[in-house]
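Paired with subunit B in one complex and with subunit C in the other, subunit A is shared by the two complexes that follow.
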Partner chain A sequence: MTKPLIKIDDLSLGFTARDGRQAPILRGVSLELRAGETLGIVGESGSGKSTVALAMMGYLKSGLSVFRGNAFFDGHDMFSLPEKERARLRGSSIALIPQNAGQALTPTLKIGQQIDEALRLHTDLDASARAGRVIELLSRVRLPSPEDMALRYPHELSGGQQQRAAVAMALAGNAKALLLDEPTTGLDVTTQAHILEFLRHLAQEMGVAMIYVSHDLGVIARVADRVAVMYAGQLAEEGPTREVLRAPQHPYTRGLLASIPRLGEPGIPASMPGVPPAVGSELTACAFADRCDQVRPECRQSVPALLETPHGRVRCLFSNDPGQPRETTIRDPQIKDARALTLDQVAISYSKIGWFDRLIGKKDPTPTVERATFGLKKGETLGLVGESGSGKSTILRAIAGLVGTQDGSVTLSDGESLAAPVNGRDRETLRRVQMIFQNADASLNPRQTIGEILATPLRLYFGLKGDDARKRAEDLLEAVRLPARYLDRFPGQLSGGEKQRVGVARAFAANPEVTLCDEVTSALDVSVQAAALALLTRLQKENGSSYIFVSHDLAVVRAVSDRVAVLYQGRICEIGPSAQVYAPPYHPYTSTLMGAVLEPDPDTAPALLANDMTEKSPPAKGCPFQRCCPRHMGDVCDTEVPPARDLGTGHLIHCHMLPEQLVRSADTSVDQVPEEAAENAMA
Partner chain B sequence: MIALIFRRFGFAAFTIAFVSVVMFAAVEALPGNVCTSFLQRFAQGPRLERCIEQQGLDRPALVRYGEWVAGAAKGDFGYSLKKRKPINELIWERFRNTALLGGIAALLAIPLAIFLGIVAGVRRDRPADLTLSSAAMLAMTIPEFVTATALIYIFAVTLQWFPAVTIVSPGASLAQMLPNIVLPVIVLSAVLVAHIMRMMRASVIDVMASDYVQMARLKGVPERQIIRKHVVPNAMIPALNVIALTIAWLLAGVVVVEKVFNYPGLGTLMIQAIYDRDLPMVQAIALIFSVIYVGVNLLADLAALALDPRLRRKGH
Partner chain C sequence: MLKLLKTIVSRPSGAIGLGLTVFHILMALCAPWIAPFDPTAQNADAILIAPSAQHWMGTDTLGRDVFSRVLHGGRLAIAVTFSAAVLATLWGGFAGIFFGTVGGRVDEYSMRIVDAFLSMPWLLFLLLIISIGGAGPVTIIPTLGFFYGVAVLRVIRGAAMQVAARDFVTAAKARGEALWPILSREMFPNLSDILLVEGAMRWSWMLLAFSSLSFLGFGATPPTPDWGLMVAQERGLLSTAPWGVFWPCVALSSLIIGINLLADAVGKALGLDRATAIAV
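Our next item is the complex of A and B:
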């Protein structure tokens, strides 16, 4: 075996308080990485996964210090090297590819200048040789027309292109190791799938070692050779990707895998109860004991050691006990025939042109959302899926009255029109439509206690005050499974999942008929997400509210929705009962979207389109998907709005192609070779 | 890009035109007119009529506005009955004096403030920053007439390095004028530097915490180069608007400071004109100030365009 390129040995690091107490973030982590190998580090927020990865680069976030252990890179002891030497190694031999490339590229410098800066620091090339190298690097990351890209500013690139440019910058110093910190989080699924294929090739082609940090096991399954599962600053389990995902040894890994919703399985995945121990707290027992469904008295006596297994390592005393399989909960919705909400031919436009442009004869731009027509029955959940720019959140905002509609009608059950913006609606109308936001953190006033936050809708809609309001607020917290003592806490004292529960409780304080859920679980860890989905499902059954559930995550939408609408560029491509939308025949776009989904299964490969172009605005006429469609039929797609083809039970596919033809397309597209797709990407 | 610049110029021109209408209308709306304020208690009978006829005040307002604007565009602001001279003769040398004072103050203060702001931002919470930030706080709290009086007491009365008030005529040569502007420039700069420095500091601190600066560090870029290439251009963008606003303040500050030092600039002339109810003069000076104001904002906009590629997109 070759010598490891990166090795961390029994590394503990963390904060040191003023009184000298140590609050560890990492507790004795040992990991190795060989040249050309990809190590995936997974874990939930606060598990220390990013800290471990940065420590492998010899980089500590401010305030952190090493308590014990070492980190070696290529034989250098990173924490004892002088800062200058360490800076030289960083950026040349090890490079970081950040989570948000858009923010990690300096906005005032051209892409070429930024790559050139790295070249000047780490190579002896002269100016003209560097210029050539910049172009070479940009073409190596498969950016189209690299000469042109070098002259562009970061904001002139799409999210996927920015990520590629960041990779080119990382490669400028001939890096031996790349550190990728959630590099595709925040990108669309199709873009993500393309970037991952590209990174796999890069690792193989150039023999670069990669450390890939992610919370997403689907992503890890696709790129990593080995996986390290982090929990509470410790390694819970480590081993080859296939073994870890197929036969997880640690109950935490099993729980994590069980809490991920799958495309092929409807129903709410099993959640893990409890929360991880607080960052920096002292451990005297197995860190997972309180959440473990297989816990035994021995687990609480001491911190279990990391044991060698045939394939890897695991920190569990009873790892050979596979435990009870975790079941998904099949939803059992109470749907009535009456409609709670109806949208008819709704068009929404954000940008109206100014008087200046009107003066010089410009026309209004194509509406952001057009021809949005659907009904929502009482007690039903409609899922809206699509990538960024698909208009799914815009439709929610229009229903909530946060943006105005340009055309069409939105009506509640008794014909009450929702045309008025939010400040023109009466209280009763406001009460009937409630929204739960993606970012619970930003939607709760940090200066109000949870009690005050819940009291506001109770007072506004039901005139409840004092003890009555307090009693009702306690009931609401009870309904979202939070203890009554939380009423006096501030949002800042709650975890992310708890805050989202408060957001749900606030919406239900109004006893709404229609609840709008805007990416409500996107910011949550998977184990918490599963619990939040279960909570929403239970509340719906109790209150009979209808949901519109917006998410970019197809598996999550499948888990909670009775019907699903697939959106592209503000137009509905396909709508119908979940089971039918998630099975062939697909609309070509649905098929693309499904193909890009990554499941935590090492034996599945995504099916990709030949390009990952992102579109900025919808086409003025014809089919919204005309520019990217792999099944493009010719002029008719570019000029005429596709007809809604009814496949029965309300399943509509908006496509010029006949359903029979679409079934055939579904068979062929799955077989598409991903290698080739990546090769042609951006060509 | 060119369309964008063209557009900014268009808006600037529109603003100035609008200001001129408002100013003309305001003067029209005042009771009385140039003749009544000039003739005062003699403003009656044939004397008033003759004056009105001479001044052309009997013609419709629209025509007079047109003439006024056309004249102003050529630098001819009409005739001051009070001073019995064409206004542009009076204004020109005063304008030069004020431009000298304000220009030197701005040219000294802006680069100094930007530099100090960078120093304070980079050395956040360290002695250099604490000293600079406290000094800035002090400079902002003390009104300029107090600073002026204190400076006069120290440098003019006690040390006798510079004159306390200006006694040369408005048309004096530059060499004669220079010793007179030292103290006013210091007073004006103090406040300018304080405001701009604080904004620049905050902006630098923001940018230093950004992902792209961390990325540059991880790339191995030396700290000095990080500050020069990655921090300063980005920190300048939000600071530009404050610089433009501060220069607008400078226009008001100039009036006060000129009065305190009895400096023969547009500010003192304007105060005098207001006392005298010399309406054409007030109109002229107000118009000049508004042109400077709009011009400075236009410059700030153009500088932001030059610095920030994100603004250069089409459709903005």
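Our next item is the complex of A and C:
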């Protein structure tokens, strides 16, 4: 066994309060990492996963101090070195790839210049040698035409390309270790899959040690050799990725895996009730005891030790008891035949040209959303799925009246038109359509109590005031399973999942017919997400409300939707009952999306297009997917809008190809895309 | 409130700022009782006496006790500028929140007018208005309040634009709330902190402006004891009897520094409060 490059030993660190009380963030964590190895650190928010990763690089966030233990990097005891020495070591042999590469790159310098600067700092190469090395690094991270890329500014690169450029810069210093903190979280699924494949190869090729921090077990499954599961600042479980994901030993890992929605299984995954102990609180029992479904009295007597298992380590007294398998709940929607909402040939455009441009003969730009046609039955959930820029949120905002429609009609069940934006609608129409926002943190006014937040729609739509409003607000909180005492709390005092519950309660305060859910679970941890999905499903059944559920996550959409529409560049590619959309024949774009989904299973590899897609605006004519389509047929795709082919039961695929051909295409590998097709897409 | 006060005092700069400001306000309030002499009483026998046991800060050209005059000298300035600061904060704050929330063309055009005001040499304008309207609080308070309100407007509008972009405001709009509830319930509570700090900062600058006006002869009128006026009257004797200029300057500067430090500490304390609320 080679000597580990990085080793932390019984490391505890955290805040020290003024009265000398210690609030630990990490509690006795020991980990090792060898060169060429990738360690995945996974955990929910507040679990200390980023802190442990930074500590492995000898770095503490400001305000934190080490209580106990050591961190060794390449034989140096990092926390006993003077700060200057530590900074030098970090600069030369450790590189950090942040979550948002776009912000880490200097916007006013060309990519080449920035890498050159890193080389000048960390190597003694002369100018011409550095120029050669810049190109070498850019091709190493597999950016197309590196000579050209070196001359571009960061904003001229797509998100995925920026992330690659940031990796190239990190490699300039001959780093021995790379720390990646959720580097793909802001990226689209297809781009993410490409970056992960690239990072995997990079680690093997260069022999660098990587620490990969993520909340997403699907991502960890793709890149990591070993995985450490963090819970409440402790290691819950650690071991080889395959063993941990296939045969999890800790009930928390099992619960985490069970709460992830799977592409292949419809239904709401099991959720883990409860919340982790507060950051910095004192532990006297197993940290997970309160949320564990197989807790026993022994678990509450002391903090369990980390036990050795055949493959790794686990902090559970009863790890050999597999417990009850958690079951997914199959939805049982009460769908009526009547329609709650109808969209017919809707077009939405954000930008209009001015009178001067019109005078000199310019035309309006291609609308952001075009030909959006679908119906929503009472009690039904329609999922809108697509990547960023697919227009899914724009459609929601148009229905909510936050942007105007340019063309087409949006009507409610009784024919009431939603063409007018918010200030042209009467109060009753407004009440019938409610929206739940992506980020509960931002959608609740931090200066209002939960009671005030819930009272607002009650006053506005029903004229309820005082005690009546408070009574109704209590009922609403109960419906979302929050205690009535929360009425006097401020949003800042609630956890992320609780805030989202308040957001849901606020929407239901209006007793809406149509509820618009905009990425409502994407800011939540998976275990909380499952509970939020179950809540939405239950409320739908109780109230008979119809949902439009927007998400970039195909598995989440599958879990809650009766029907699904796949959007690309503001145009519907495929729409139909979930079971049919999620099975062949696929629209070529649907199949691309499905291929990029990462399952928390180390043995499933994503099927990828030859290159990640980067497109800015929809094409003026023809099929929206023409520039990236692996099944591009020629002129007809570029010039004619594809016909909607009906496969029965309302399953429509907008493609020039016949359904029979599409079925066959599902078998052939999509990896054989002509390179130039993808190159064109970049331009 | 008590917690806020504690946070402010926990920082040396905050404690000094609060101390200086409170000290000056107390002095101004109690001046008639603690001043050893009548600030306007002239004494031909005691002209330009250097600081002594009887006249702690000496006497001026007319034999008036400088210490008593310094004690009284802040009364008018503090009263006038505080009123003007409240006025500026109210109208600038309201207009700033309004334009920041409404946005669009209304905002665009109004901001050009604001730009025009900000580009004017306001001191000259003040002088012009005062020469027409006459020196005195009735003219000076609204004038100072208006001009400084323009600057408040600009700052608050910028902050309001950021708040207006957040989802809870979008949610209120989607709900169909009218403009006034959005301004008062959604926007204002999230901007009150910054408005308070901004108002305090403007107050300190107004003090300087008012003293400048007095110095130029457009603010306080003789024989009113006023720091700016005192400096103006005694400046010719700076080399022979510097105490007549020195002490009013010390008083004025220490108050301005005090308010600035206090405003800064309040801002930090409110910001810190929010950060800990999120962290917990």
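To be clear about the criterion, the second predicted complex is superposed on the first by the 661 of 683 C-alpha atoms of A that agree within 3 Å, B and C clash if a C-alpha of one lies under 4 Å from a C-alpha of the other, contacts with A are read in each partner's own complex, and residues count from 1 in each chain.
Just so we're on the same page, contacts are C-beta pairs under 8 Å (C-beta built on N, C-alpha and C of every residue); 3 or more make two chains touch, one makes a residue touch a chain.
Only a predicted model underlies this, so the values are computations on that prediction, with no experimental measurement involved.
Asks: Quick check on the subunit A-based superposition: subunit B and subunit C, clash or fit?
Replies: After superposition on subunit A, subunit B vs subunit C: clash.
Asks: Which partner chains sit in contact with A:T373 here, subunit B, subunit C, both or neither? Use first/second/both/neither.
Replies: After superposition on chain A, A:T373 lies in contact with neither partner.
Asks: After the superposition on A, what does A:N511 contact: first (subunit B), second (subunit C), both or neither?
Replies: neither
Asks: Looking at A:P446, would you say it contacts subunit B, subunit C, both, or neither? Reply first, second, both or neither.
Replies: Touch partner of A:P446: subunit C, not subunit B.
Asks: Quick one: is A:P457 in contact with subunit B, with subunit C, with both, or with neither? Answer first, second, both or neither.
Replies: The answer is second: A:P457 touches subunit C but not subunit B.
Asks: A:P98 contacts which: subunit B (first), subunit C (second), both, neither?
Replies: first
Asks: Does subunit B (first) or subunit C (second) touch A:R90, or do both, or does neither?
Replies: first
Asks: In the overlay, answer first, second, both or neither for which of subunit B and subunit C A:S12 touches.
Replies: neither
Asks: Check whether A:A118 is in contact with subunit B, with subunit C, with both or with neither, and answer first, second, both or neither.
Replies: The answer is first: A:A118 touches subunit B but not subunit C.
Asks: Using the touch definition up top, name the residues of subunit B that touch subunit A in the complex.
Replies: Going by the criterion above, the answer is residues 7, 210-221, 225, 229-230, 233-234, 237, 307-310, 313.
Asks: Where on subunit C is subunit A touching in the complex?
Replies: That would be residues 166-168, 170-177, 185-186, 189-190, 274, 277-278, 280 of subunit C.
Asks: Applying the document's contact rule, which stretches of subunit A touch subunit B when the two form their complex?
Replies: For this pair, the touching residues of subunit A are 57, 59, 87-92, 95-96, 98, 100, 103-109, 117-118, 121-122, 153, 155-156, 166, 169, 173, 356.
Asks: Name, in rising order, each residue of subunit A that touches subunit C in their complex.
Replies: Residues of subunit A touching subunit C: 278, 400-402, 422-423, 425, 427, 430, 434-435, 437-439, 442-448, 452, 456-457, 460, 490, 492-493, 506, 510.
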